[in-house]
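In what follows, structures are represented as structure tokens.
Across the two complexes that follow, chain A remains constant while its partner is chain B and subsequently chain C.
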Partner chain A sequence: MLHYDLVIIGGGVTGLSAAVEASNLKMKTLLVEQGFTLGGHTRFFNEGYVQSFVRKINNNYVDLLLNHSVVGVYDDLVLSISDGNDFVKVQTKSILVSTGSYQKRISFPNNDLPNIYGYLTLLEMIKLHQVKPGNNVIIVGDEIHEMLIETLENSDINIVKIIDKTDLIEAYGDEVYQGITTKKGNFQSDFLIVSDGNLPHNEILRMLNCEMVFDQEEQSWFPKSVDYMTSIKGVFVAGNVKSFKNAEENVFDGSSAVKAIFNYLGEMHGKK
Partner chain B sequence: MEKNKIIICPYEEVTMADIHKCLEMGFTTVEDIKRLTRVGMGPCQGRDCIHIVVDEISKFNHIKKSDIELMHIRPNLANIPLKALMEHKK
Partner chain C sequence: MRIKRQGIFVFPQKQINFTFEGKNLSGIKTDTIASALLANGIFVFSYSRKTNRPQGYTCSTDFCTGSCLMTVNGVNNVQTCKTLLKQDMKIERNRGPKHVTL
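Here is the complex of A and B:
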């Protein structure tokens, strides 16, 4: 069993800014990131911004664990963390959940055809792997990020049409996607992007049975929190999993949450 | 609309037709539909699909989404090989 003052779950900008703050406060911290890279979705938009935080993390205090995910978490602040081959058990004094959000899938006939991508998948392909899936595209969905449009333009990908979700009838194609049928006619493109906003990544919080509140605007569940602490003692939240915000706001959220955790641990220690 | 061509869970091959069949039989909770179809039991543990199931329950039964309980999340969120558990004894 490994021991830490703080385990940060999620290495997006929120988790990174939290790790920088934990370095400054000399807290023994473990940052767990599911992917191979740090920075989460912000990495597709602003790599330099992400690296400015990575550089400020002090490895004397913060251990980074990439390509590992939290598979179990319990309210006595024990976690099991796995890379798919092996697992470690961790006892911590506090947890910061900064798991962020993920693209929302939508349902329409033939939505499993190859060459239909979520907008984050597409940004990852273009920005991180330099793969261009085609020369022209149709976008379907209600929430279209300006960065998506900019990325497509910079990659010389022609936007054939942007379709409202309610107008879409079905996608068609023989083994691979070829086009869509809508209430306003048929359209063809090399590939289709689904861009319908995000869902919070709240599985860890729900595993802990944190009290959640339904947000009417986002149509999703978010945790109740007071000064970043959820209804479970010692479990804190920050970033998009707490409420949807932009990267700068999430950075502020991450460092503020760690300050709150530091004070909480100080009070706990004082009581003993 | 061809409901059997709308894929809800690509891992467990659950379609919209499967979900609607459950609803028509009178099953109205996410947990019931999960047990009947295996939706939400694939490697993503419901991350990509449960919101669609909730939408359908809401539309079919005219219930507010805020009144629909999500599925319970239990360990493990990802696979751990038995070998790792055996070796962990030491």
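Here is the complex of A and C:
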């Protein structure tokens, strides 16, 4: 079993700023990220900002584990981490959950057809791989980011229509999406984007049986926390999984959480 | 299809050849399997086990819905969104057992 002072779950901008702070404080840290790139959603919006944090991480103190997911977490601070082939067991003194958020999907008939994308999936395709699924698009949803419109225009994708989700009746098409039926008529496009904001990625906190509070405004569950610590001792939260914020606020959140963890470990195990 | 950016210099990318369902296709060096398939106009990634409905690439590296799982070089259920494309990969749709509707 591997031993660490701190395990950071989630290599988004919060997790990266936390890792930088942890390497400044010389804590033995493991950063677990399920994708193969660091930076989370921020890398679609500001790649340089992400790289500035990656460069500051001191590899003497921080171990990076890409392409691995946390498959089990227990309240005695033992984690099991796997990528499908190998299996790592870790005993740690504290956990920082910075899993962030995922894109919300809208429920309507045939919403599982190919060529219906979430807005982050499309941004990933365009920004990281320079691939577009078609030349004209319909957008459905309430929260449409300026960045999405700008990216679509820059990559020569024509926006046929932006549709309110209350008008939407169903999507149609055999094998692949072809168009949608709304209360105002039928519209056709190459592909459809669903852009309806995010939900917090709180499965790990659910696994730990954390106390959660329902937020009426965001219509989702957030953990109760006092000075970044949840109701479970040694488990801390920061970033969008705690409450929705912008990237700069998340960076501040990540580094302050690590300072709180440092103080907590000092009180628990004697000053370092 | 690939995006052509006007006025921005794009580095010439190394071409990588692979086969999908027996067809010869090509992608570039930084591609994942999923992005190479989308660039070649392949949108149906799998068929659902119970209802046999076509499924596309929906979740990216977000909250996994398992729709991009494919058979790569004979290994079933490979997450194509997370696997980088390599030379001479043999990619196929999963042909696992389906639920039988009575």
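Keep this in mind: the second predicted complex is superposed on the first by the 269 of 272 C-alpha atoms of A that agree within 3 Å, B and C clash if a C-alpha of one lies under 4 Å from a C-alpha of the other, contacts with A are read in each partner's own complex, and residues count from 1 in each chain.
In this section, a residue touches a chain if its C-beta (ideal position, glycine included) is under 8 Å from a C-beta of that chain, and two chains touch if they have at least 3 such contacts.
Worth saying up front: this structure is predicted, and the values here are computed from it rather than measured.
K.L.:
Should the superposition on chain A be reported as showing a clash between chain B and chain C, or a fit?
P.N.:
Chain B/chain C on chain A - fit side by side.
K.L.:
Tell me which partner A:35 touches in the superposition: chain B (first), chain C (second), both or neither.
P.N.:
A:35: touches chain C, not chain B.
K.L.:
Of the two partner chains, chain B (first) and chain C (second), which one does A:267 touch, if any: first, second, both, or neither?
P.N.:
Neither chain B nor chain C is touched by A:267.
K.L.:
Would you check which partner chain A:76 touches, where first means chain B only, second means chain C only, and both and neither mean what they say?
P.N.:
Neither partner.
K.L.:
Touch test for A:102: chain B only (first), chain C only (second), both, or neither?
P.N.:
After superposition on chain A, A:102 lies in contact with both partners, chain B and chain C.
K.L.:
Contact-wise, after the overlay, does A:146 reach chain B, chain C, both or neither (first, second, both, neither)?
P.N.:
neither
K.L.:
Which partner chains sit in contact with A:129 here, chain B, chain C, both or neither? Use first/second/both/neither.
P.N.:
second
K.L.:
Could you look at A:201 and tell me whether it touches chain B, chain C, both or neither (first, second, both, neither)?
P.N.:
So A:201 meets both chain B and chain C here.
K.L.:
According to the stated criteria, A:221 is in contact with first (chain B), second (chain C), both, or neither; which is it?
P.N.:
In the superposition, A:221 touches chain B alone.
K.L.:
Can A:112 be said to touch chain B (first), chain C (second), both, or neither?
P.N.:
Once the two structures are laid over each other on A, A:112 reaches both partners.
K.L.:
Looking at chain B versus chain C in the superposed three-chain picture, what is their shortest Cα distance in Å?
P.N.:
Minimum C-alpha separation, chain B to chain C: 5 Å.
K.L.:
Residues of chain A that sit at the chain B interface in one complex and at the chain C interface in the other, please.
P.N.:
Overlap of chain B and chain C footprints on chain A: residues 102, 105, 112, 201.
K.L.:
Which chain A residues qualify as touching chain B in the complex?
P.N.:
69-74, 80, 82, 84-87, 102, 104-112, 169-170, 199, 201, 203-204, 206-207, 214, 216, 219-221
K.L.:
Would you pull the chain C residues touching chain A in the complex into a rising list?
P.N.:
Contacts found on chain C: 1-5, 10, 30-32, 35, 38-39, 43-45, 48, 53-63, 67, 82, 84.
K.L.:
Using the touch rule from the top, collect the residues of chain A that touch chain C in their complex.
P.N.:
Interface residues on the chain A side: 34-37, 67, 102-103, 105, 112-118, 120-121, 124-126, 128-134, 154-156, 175-177, 201.
K.L.:
Under the definition above, what is the set of chain B residues touching chain A in their complex?
P.N.:
It comes out as residues 1-3, 5-8, 10, 16, 45-49, 51-52, 55, 65-66, 70, 72-81, 84-85, 87-88.
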